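Look for chain A in each of the two complexes below; its partner is chain B in the first and chain C in the second.
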Partner chain A sequence: MTYQSGDIKVQALQNIDLTINPCEFTAIVGPSGSGKTTLLNIIGGLDSPTKGSVKINDTDITQLPENELIDFRLHHIGFIFQSYNLIPVLTAKENVEFLMLLQNREEEFRNERTLKLLKAVGLEDQIHKRPNEMSGGQQQRVAVARALASKPSFILADEPTANLDSKSSENLLSIMQKLNKNEKTTFIFSTHDQRVIDKANRIVTIEDGKIISDTSQ
Partner chain B sequence: MIIKIAFKNIWRNSLRSWTVIIAISLGIFGGLAVISTATGLSKMRQNNAIETYISHIQIHDTNFLQYARTNDTINQKTDILSFLNLSQLVSGISTRIKAESFIQSAGGTSGVILNGIKPDQEKSVTRIYQKLEKGNYFQDYKRKPPIILSQILSTKLNAKINTTVQCSFVNSKGEPAVCLFKVIDIFQTNNSMYDEVNAFVKAEDLKSYAQLSGIHEIAIKLENESNVESFRKKLIENFPNHQIDSWRGIAPELGYADKMMNLILIIFLIIIMLALAFGIINTMLMAVLERKKELGMLLSIGMNKRKVFGMIIWESIFLALLSGPLGLVCSYVTISIFAKKGIDLSFAASGLKSVGIESTIYPFVENSFYYIISILVILTAILSSIYPAIKALKLNPSETLRTAN
Partner chain C sequence: MLFNYMEFKLAWRNIFRNKRRSIITISSIIFAVIFSVTMRSLQHGAYDNMLKNIVGNYLGYVQIHYKGFWKEKTIDNSYYIEDLDSLNNDPTVAYINHRIEGFALASHEKESKPVVILGINQTAKSEQTQIKNSLINGSFLSNESNGILIGKGLQKIMNITIGDSLIFLSQGFQGSIASGIYLVIGIVDLKTPDLNKRTVIMSLDNAQDFFGIYHMATSAVIGPKNEKWEKTEKSILNQLDSSKFEVMNWQQMLPELKQLIDVDRAGGTFVLIILYSILTFSLFGTVLMLAEERNFEFGVLVAIGMRKSIITRISLYETLIMSVAGVILGLICVIPVVTYFHFFPINLSGQMQEVVEQFGFEAIIPTSLDPWISLTQALIVFAITLVVNLYTLIKIKNIQPTKAMRA
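The block that comes next holds the complex of A and B.
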């Protein structure tokens, strides 16, 4: 896959052939500029490859028109961003509920699932707080609950612990692991953090846009 | 939820939002203040002219206005007056005799139109009787036939009250008629151009000097001005051989002023709406550019473009919904106060008088205008938010997230 950076065409990924199985807890690792974020963007349908295809549950998302792709992301993919990216004007509860509203879920379902997820990430007493009233770790836990709210097929997390201190990182990882087991959610995350890498049950290493190793532990 | 987010988004930068809200409100207020003052001015000029000398409708012989001959009298006078007396729409009728005359005093000469009136009838149509120096509307006079001159003519002729003036004109037989009148009072309207060429005498005096049996003019005042055109049409249907004009036809300059005022209103409306549009475009563009990362995130997690578009539009609508009523309420209160108290322009009284305007102006805006502005404000807000909303839709989610991260 190539993309334009000014006048220069950058080849971000080459010959990537990767299959992620359900319920895996996969870490994509590699040095800065190796193509981790680009790979996640391509899996999530945020970028499209210049060649090849991305199949999610037998749907080739590279063939979907833009509106259908947005809708596909809403129902099948959860996102966790490095800098949390919560909606600042909404409370923790409203942020988690937001995707279910976009999915037109009923109020009772929304309330029940929101409270369940916020409890699962340990924020049941923070539901009425806005992002600016919470710590970075708490915000990232809200982001995890939000990503799970839409019952996605898998969750993409781009360096989820990069902005967190070690305690918060530890806490977040154990929550993600628990959700991976309990909710049977597939997690794919990029990271440099060795503590995160140690928790993954599959590690895909990329360098210069190529997969150089793919190991399970 | 989209509407809720849109509303909350407005208050993220409350200083900027309030600045825009106040700026739009002031724009609406300023525009309405100018419009109401201009409309009040125009209405006052129009009402002054109608109530002082024109009346709502005038009837003449078809030749009279063109040739102004003494014997061009209204030939169906009796039928017309019976018709008018029976109509519920009519509040006053005055029959007049007119003569283009040459007026002379010991102090000077001038051209003048002698208006032969029946004072009691004339009171029901015009307010000249309220504009007299002494209040003597043909009640108190002795041997010589009385005449009421304007202040301007009196000064020009050096003819004060109780002095005698001589008028000469052509009578109905085409012969010169010369008559003497005694000045019994002086009038002054707000239209110096009218004052300069008009004088009032009793109809019976002018009739006998002109050797005339008919009348030249019937001035009609209606209960309600809005009936003028329909009643005029009715008169034309019944009396097709007469020249029947509404005030717009008699004094076309007033009609033009009215049309001009409408044009000015439209221009001001466009200016107000343009100011509103640029205010909203600027604010919303800044809001979109500042929130690139968040909008990218919303598109990434599955909020479709229609909803992102709707959210931006709603934000603009909320800005308009806050600023519009604020501007309208301030305008309504201010205009209502000044509509009662008036705006004192006595420092420019003489200049205003020369164009028929009094020195106190009462601002006026039709109530419907407030509704029109409310609708236009919302429509403008929607239209002006389209460009920022399109900008938001063109954002590339991965690009914005990559840049932000």
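The block that comes next holds the complex of A and C.
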């Protein structure tokens, strides 16, 4: 996979061959510029590789037309971003419910699932607050609930604790672990944070766009 | 349907996200609506007033003459009234008022002045209404007397009072001498300074007698059955012998007035184009900022699974809400202003008054209450806001989530 940076063509990823199994709690680690985010973007269908394929549940997402790819992401992939990226004009409840509305889910289902997820992330008393009325940690927990709302096959989290203090990071990690165990949710996240790496049961290390180690713990 | 509600909710809340910007956007739309509607209403009001004064009250929208009369206005170019009787059965014709229009020299004491003698059928309701409305002093023409009405300008110039006599001298039918003495029984204000200075109105019978053209007239003023005089004109043209009669509409009879209106309208349109351009650029600035600001957010929305078409709709709703609000508020502000100036027109004074009166028009500018003006201007402003929003739509269409989120 190459991308253009000014006049220079940069090869971001090379010969990546990676299979993620259901229910894994996988950390992609590596120094800055190693290609972690690019790898997550490729897995999430946000970027297309110049060569090769990305198969999710037997679907090669690199071959999907734009709208189908967007729909695929909606139904199969949950995203957690470093800077939360909640919709600022919606409340916590609405942010979580939002993806289910896009999926045309029934109101009863939506309400039930939204409350369940917000309870799971410990925000049942904050449901009517907007992002700017919540702390960074709370916002990231809403983002986790939102990522889970559409019942995705897996969740991609790009440095989810990067903007959080240690207490919030700890809290978020234990929520993610709980969801991984109880809900059988697959998590793939990139991180620098050793505390996060310690919690992962699989660690994929990449450097200069290549996988240099892939270990389970 | 469910999601449409959410789309609308998002659009609505987005408006309040940056209140100051939304207020500026809505204000510029309000201003544009107020300015454009006021300007167009004043323009159209001025035209309507000119037409009402000159065409409606005096000339009529369509006239029939003996062929050649308009070029050479002599009494010899008169027609027999009975030749036009068949037009009374035309369904597009409301009335036909036969008139005699001739020139004479009027004398009173030591003063002499060329005047236009207008012989009207004083029993015709439409003539009565118009002339009676213009009567500012004295009484209207009666069937028996040889009384005349004169314009208020002529009264002033010749220093005439009601009860005075005027002597007229002119050329009658086929070279005969026309002369007579008539009693001034009323003063009329024909709303047009030029007409007021030279018009004498007498009964059709008296005019026929004066010019020696019995059972004849020089002009037939045709009243259209509805507002569309063009339809009446067409119908008459189809019935009349074009070798004997000429049918003329007000635009042919008064080409200068038509030209004046056209030139003024073009000037007004030019000013409006400038206004629309200012509005377009001001709105475009807002839309540009909005699109750049939201670029990251649009990227996130596409990434998490929202189709670009939905984002486009949300953006459109946002623009629609603001433009509808701006247009409605603009109309709410402008309608009372336009209504006020319709009933209490702007009175021109000083040099402006003189200039306008020199052209033969009444020196007032009322506004027009034609609802099409407000509707058209509101729609134009509305369309501009939608067109400007195309930029956001293009931006959304071309969005690439990773690029947008990296920015």
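The definition used in the following text is that the second predicted complex is superposed on the first by the 217 of 217 C-alpha atoms of A that agree within 3 Å, B and C clash if a C-alpha of one lies under 4 Å from a C-alpha of the other, contacts with A are read in each partner's own complex, and residues count from 1 in each chain.
Convention: a residue touches a chain if its C-beta (ideal position, glycine included) is under 8 Å from a C-beta of that chain, and two chains touch if they have at least 3 such contacts.
Small disclaimer: the values here were computed from a predicted structure and weren't measured.
J.: Based on the superposition on chain A, does the combination of chain B and chain C result in a clash or a fit?
T.: Once chain A is superposed (C-alpha atoms), there is a clash between chain B and chain C.
J.: What is the contact status of A:104 with respect to chain B (first) and chain C (second): first, second, both, or neither?
T.: A:104 sits against chain C, while chain B stays out of touch.
J.: Considering only the touch criterion stated at the top, classify A:70 as touching first (chain B), second (chain C), both, or neither.
T.: A:70 contacts both chain B and chain C.
J.: In the overlay, answer first, second, both or neither for which of chain B and chain C A:154 touches.
T.: neither
J.: Once the two structures are superposed, pull the chain A residues common to the chain B and chain C interfaces.
T.: The overlap between the chain B and chain C interfaces on chain A comprises residues 41, 44, 46-47, 66-67, 70-71, 73-75, 77, 79, 81, 85, 87-90, 94, 98-99, 101-102, 146, 150.
J.: Where on chain A is chain C touching in the complex?
T.: Within the complex, chain A touches chain C at residues 41, 44, 46-47, 66-67, 70-71, 73-75, 77, 79, 81, 85, 87-90, 94, 98-99, 101-102, 104, 107, 146, 150.
J.: Under the touch definition given earlier, write down the residues of chain B that touch chain A in their complex.
T.: Touching chain A from chain B are residues 1, 5, 8-9, 11-12, 293-294, 297-305, 307, 397-398, 401-402, 404-405.
J.: Contact residues on chain A for chain B in the complex?
T.: So the residues of chain A in touch with chain B come to 37, 41, 44, 46-47, 66-67, 70-71, 73-75, 77-79, 81-83, 85, 87-90, 94, 97-99, 101-102, 146, 150, 158.
J.: List the residues on chain C that touch chain A in their complex, please.
T.: 2-3, 6, 10, 13-14, 16-17, 296-297, 300-308, 310, 401-402, 405
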